[in-house]
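First subunit A sits with subunit B, and in the next complex the same chain sits with subunit C.
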Partner chain A sequence: MTSGPNAIECRGVSVEYGDVKALIDVSVGFAPRQIHAVVGQNGAGKTTFARVAAGIVQPVRGTLAIGGREVPVGSVGAARAAGIELVHQSFALPPSFTVAEAMEFGAASGRGVFTRGELQRRWRRHLESLGVTVSPRERIRDLPVETQQAVEIARALVTDAKVLILDEPTAVLSPSGIDNLFARLRVMQANGVTILLILHKIREVLSVAETVTVLRGGRLIEGPIPTAETDAGHLASAIIGSGLESLSTIDREALVGADDEPEHEATTPAMAAERSVPVLELRGVSTRADTEGPALRDISLAVGRGEIVGVAGVEGNGQRTLVRAVADLADLARGAIVLNGDDVTRRPLVERRASGLRVIPFERNTEGLSLSSPLWENWSARTLLLGGLLNLINPARLRRDCDDSLKTWDVRFSSSSQLAGSLSGGNAQKVILAREIDGTATLIIAAQPTRGLDVGATAFVWRALREAKARGCGILLISSDLDELFDISDRVVVMLSGRISGEFRPPYHLGEVGAAMTGAGR
Partner chain B sequence: MIGPLTQVFRALVFVLIGLILCGIIFEFAGYSAWLMFQSIAEGAFLSARAWQNSLRWALPLFLTATGVVISFRCGFFNIGAQGQFYMGAIAATFVVDGLTGYPPALVIPLTFLAGIVGGAVWALWPGLLRVRSGTDEVITTLMGNFLAGLFLVYVTSGPLKDPSGTGQAASSRPVEAIYRIGAANSLSPAIIAICVLVGIGAWVLVNRTSFGVLSSLAGRNPIMVVWQGARLSRLGLAGFVLGGALAGLAGTIEVMGPIGRLSSGMLPTHGFTAILIALVANLSILATAFVSVFFGGLAAAGLYLPVLAGLPAAAIDIINAAIALFITARAWPKRLTNLFRSRRSAA
Partner chain C sequence: MEDAIVAILRSGTPLVYVTLAGVLAQRAGIWHLGLEGLMIIGACSAVLGVVQTGSLVVGLGIGIALCVLASALLWFVIEKLRANPIIAGLGLTGLGLGGTDLAVQAIYGSQASVNAPYGLPRLGPAFGAFGVLSVLVVLMPLVVFAVWVLVRRSRWGLQLTACGEHPFAARSVGVSPSRMRLYALCLGGVLCALGGAELSMGSLQIFAYGMTAGRGFMAFAAVIFGAANPLGATAAAFFFAIVQALGIRAQILFGDKVPHDLLLALPYIATVIGIWISGRLRGGAKAATSFGELRDY
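Let's look at the complex of A and B:
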């Protein structure tokens, strides 16, 4: 099956971002005309590896050969000329372009002057040949996310690409979208393209790839090994590594998406929750349209005491609006929001917080923390807002309290006066947890609380949420990681186009939840 | 963590570079740089008389700069200190002129109140436009400066015109001696007392209240404090109004003290020098006090330059401009690197 030189060959590649070593002496080769997977945790160096191969990142050491011929490292032009195309994790097409314009933008050849109709004619056939059903007239921003990705892949193939690298292509897709993507990749493989997939779910690796390569902490752990010769358990250990034996099996599997249908221990459905007053109740909530995402349409949802309600859905289906509505940051058109039995629809966020609402926002570095402010200011903001603006404070005491609190939350820091931006992602998230999860919290909105965190920090966040739940907190967990939701939620609701399209209780079935995420089967 | 004074010291290094650059330019223009520096030093700091002069200029600058610091800390670039200074002075003059004849115990407090309110109102409308409809405050406050400057021309040659005035610049009637809080172009205990009180109050506000912490957070990341439940519009408006009020207070003091009347085109760079002071002081109140003395010294020395170095007094403006250039050049790369750092950690 393997013949000729490797499609991509890296030798001794090391990449450093300042003090951070992103890749350490990685040597690996990928055979042509196969689908290869590169797996690892967040921060293992997967994306950096993809960027080195595509010439975007300049390694400090190492060489790159494409199809047996060495190409200069750190040159996008050279890599593209040699036939490498990269589809980015976050899409890079200009939202205001039409599909045809985006295609032309990717193609290096062009006369420079053309009519719109000419462009559309030129690219319609290309799209059809790839099985992408989209009008070249449509604007990128109006396309559903799965079509956007298909267009992005089509754009990568406008030149005669021999190697296509896709960085976490499944992160934005529903389960059925993932199946479609994989089918499309197999067709391209049959046409002679070598495909390199950056993934972090073992389940997906086993279903699509022929070989798998594991990175951990910037080092090559193993690979490429044929997927036929390995199994989920082995890969999970390789990805996570040692040192996390304390994790329960179920958390371990959730972290890497190891099983097809995870066996769940019988989570006792929060029975008390249904008898007592819910900590959060949304009654027929609709919001006015704004630029930040789809409006909510008639959402009714309750979170009981000691209950974790998961919110699933393809990103951009109103999850953000839901959080903003609860936090009084979106404009309600209809409906009521009830916290602990009190109607707070017309009350500002500061009053909602006073009655126990806590928010771990989506964007840790902008909504959660002020990176250029000291830790103690970030940490004390919540409590300061409970009092008047002219209340006198004692900064020395706040710094001391902050020190104590951050220590109990296991934050690695040297001084509470250091800037929040000097912490790693996991530590920064722990600062937010330290601020938001306190004894008086009754409802915690956790929006993507583990995104971008390594395994240890992810497990830490899960433990914190479970402990808060044990104290009687209600928790609304928004996540795009179904394994995470299935692992720790008592109940999962699915959002689609601003509505709740389904509600599920354990044992969860991926297929059913996936159907609700895409609107299939209804 | 670097202390505020260390940061100021670093900023002063850039001030020094600005001075040296000016020295070189003046040297090439045919003046003696050495004589220039000498006369600046003599005019500003080398005698008791010079110190008195320096402080006469430093104290009103300190008040306005303190207001700029508070406003900038909230994250709003209210660069309208000059206009707010004028509006404070105009409002104060209307009151003191209109109430001439009443007892000073009534007139002086009312004049100060009017001056403070006048400055605050001139900051309030750009503030409201900013928080209500997102109008860029840099544009509105800058335009406000021109409006206030033209209004000053109007009132000094119209409603408040001194009919006996013979000077080049139109001006109001001189403030009656019984209402003055300081003699012409000199210091007075009253002015020093006001500045000390304002300085202490501002320091407490910035360093020892919830407002200080929250406004500094809001200044660095407004999105984060909104997610914490803060009302950004309130913090921002407070910053605008306090900034305007302090500039108005400085304007009142000039009318009631050292200048003793309102005149068209008076101290046309006061507000901008105050912004420069706030930036050099890195938005620290304590540092603002020291930096104000330095710039007050430069202002005092400006009067000596023509006499000693044969330089036009406007040379001080050139020096200030060069300093402004270096201070902003210092501030920008740092911000840019911060931006890149946060981008990278987000990636």
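Let's look at the complex of A and C:
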């Protein structure tokens, strides 16, 4: 075993955001020169824990020691001086910066004034030493997400980091990207860096980490315990907080990652015939380039009745543009969009919605809901938008209908006039589901419908999608979680650089899909 | 030709100083609409300081001190009281316009303008037609260069830009966006004081109520036009100054044929067109990402 003081040690750390207790009396220490994992559900306090360790969040109580020496809490400067660096889940580099500038702005050594050439020479060497192949002249916003993460890690290592904390680093990566990341981490570990990984997939924990620590509801449940002395089932129940028997298969798959092929109901000839008139058909759709994402290039795709088509791909490969194209928010250069047999290429979104198009958008809080508006206004938007310009609005009735609908969808709310921003992520998503998945829906576009939701809410969303499918809705499910896609899709297409780079049917093979995601297959 | 260059430098220099102040604020994430107020405080303090104390240095010093103080007040209202920066900036402009008028009224009664016995030091007759230019005009290129180095070629500048573009990124390397905004605003206060002093003491040696006449807003437009880059914004400021000079020339040449008011409006129309063009080219100004609200999570 290793000797010497713990690389990082928290004693009695509690964090409160207003009334919410994010961490409750957490005391934990991590041995030096190892790879440690911290796991837990959403809202378990993992990110908060990482931010306390990095000094970004000020705990109400508790102490922090790094390498055996006490460090003032809530000071990024002190934590960085002691050698702690944090790589954020959603990266924290200004998008307009060049790679060299992104290295420099957090550096501590060297002169404060430079020429562009000096800056690039200095940081090119740094990037090379870490094996990151990227030009220091490139801008952060132009980098693919995996390179961005590599740059972010390189940024964290501009000072002499002794402890590197990565918050959910695998969430944005393709399977091969995850392998590369883990290889890179092992090299750093060999160089004497202690690594703390915040993860939510047990399979990844077991494959990379030496110890694992479980948080639940802001409390330390277990750990750090050596991964050799535990197994997936035990960890899953520690994370959920109930015996494994009571876990549904869905929940277990969400946590562990589906190891076995999920069962798919056989397709009867009758169902196949019904699917022959697709609810959505894209015929050779290309979009004009805009600033919001890569353009679509010659996309042909059909979604049948009662079919869930999954869209996989590393983020930023045109998935958002695809949703925008179907929702009439992107400029089509070529091709046609057909809904339920009608060509709607030149029709506005209102008419597309009238024929049954529903969208669960990527960004719950900015595209899906108006957080500063009451629930009933958010919920009624679907009918109000379809009505004429001069139709009268009957708020009392809408409120009543909204109440009923939200109760059916098991939304926890106190009044339909409360602001949408006061709901938790899972409940907010349920409001969107209640609005979008109605009886007249024929095509549901679900963009990352479970991102940021805990296991219970995730299972709820999946159930809702399956029920909609059973009613004959076509569903286009866009997700960066391959386990989710494999679990509920009838078919998975992969997007790469605005094209469809592959189509797969069950049984799915992670390797094949991963190759299509990165273009390694060609 | 020389006369035209002198005219452009004279009308452009005050604008450039104030524009640089706006660039610093914009980089830090604040849409600075208090530039007009700071500029007139600077213009007024310089004249009143000289008249009251007889010392140019004291006059300039008072102007700088008041502008820094007003900038710190703006920072306090935005950062500590969580006010909307745009509204707070407009409030500062109101404070500057009203406060300077009040000061003049209180000291000199209902006098419309105050004359100073002398202005800023000039280059002198040895420089021919350029001899009428003040030291602040001569210093201007140096100040532009210094601000450019600070913003675009120093780590401090990168951190400042991060504070405006991605405050969380700044915080996660241990930089306090709030404190950076204080520094940027106060440094901007110094620049506004100099710009105001050049306006009232560079060529005219007079302070009149409302003499900034929207130059602060024009400077803000130059910040947006120049994408918050010190050099680009300076070029934009000079573009506006040239249009202004052309407007004056046009009044002399065509004053009898074209309505006088239309020619006076020329620089402002050019400002609107300039903003429109820059918006089309770039999709808006860099740095500050949100209108009004500052989000520092």
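FYI, the second predicted complex is superposed on the first by the 495 of 522 C-alpha atoms of A that agree within 3 Å, B and C clash if a C-alpha of one lies under 4 Å from a C-alpha of the other, contacts with A are read in each partner's own complex, and residues count from 1 in each chain.
Criterion: a contact is a pair of C-beta atoms (placed from the backbone, for glycine too) under 8 Å apart; a residue touches a chain by one contact, two chains touch by 3 or more.
For clarity, every value in this text was computed on a predicted model and none was experimentally measured.
Superimposing the complexes on subunit A yields a three-chain arrangement in which subunit B and subunit C fit side by side. After overlaying the two complexes on the shared chain, residue contacts for A:A92 are found with subunit C alone; subunit B is out of touch.
In the superposed model, A:G318 makes contact with neither subunit B nor subunit C.
When the two complexes are overlaid on their common chain A, residue A:P449 makes contact with neither subunit B nor subunit C.
Put simply, more of the residues of subunit A are touched by B, taking subunit B and subunit C as the two choices.
The superposition places the C-alpha centres of subunit B and subunit C at an angle of 40 degrees about the C-alpha centre of subunit A, rounded in steps of 10. Once the two complexes are overlaid on the shared chain, A:L349 sits against subunit B while remaining clear of subunit C.
In the superposition on chain A, no contact is made by A:P136 with either subunit B or subunit C. Think of it this way: put the two complexes on top of each other by chain A, and the tightest Cα contact between subunit B and subunit C is 5 Å.
Within subunit A, no residue touches subunit B in one complex and subunit C in the other.
Remark: subunit B residues 1, 204-205, 207-214, 216-217, 220-221, 223-231, 234-235, 238, 338, 341-342, 344-346 touch subunit A in the complex. By the touch rule above, subunit A contacts subunit B in their complex via residues 17, 327, 329, 348-350, 352-353, 359, 361, 363, 365-374, 377-378, 380-382, 384-385, 387-395, 415, 417-418, 421, 425.
Only residues 149, 153-156, 158-159, 161-162, 165-166, 168-174, 283, 286-287 of subunit C touch subunit A when the two sit together in their complex.
Residues 54-56, 75-77, 80, 86, 88, 92-97, 101, 104-107, 112-116, 291 of subunit A touch subunit C in their complex.
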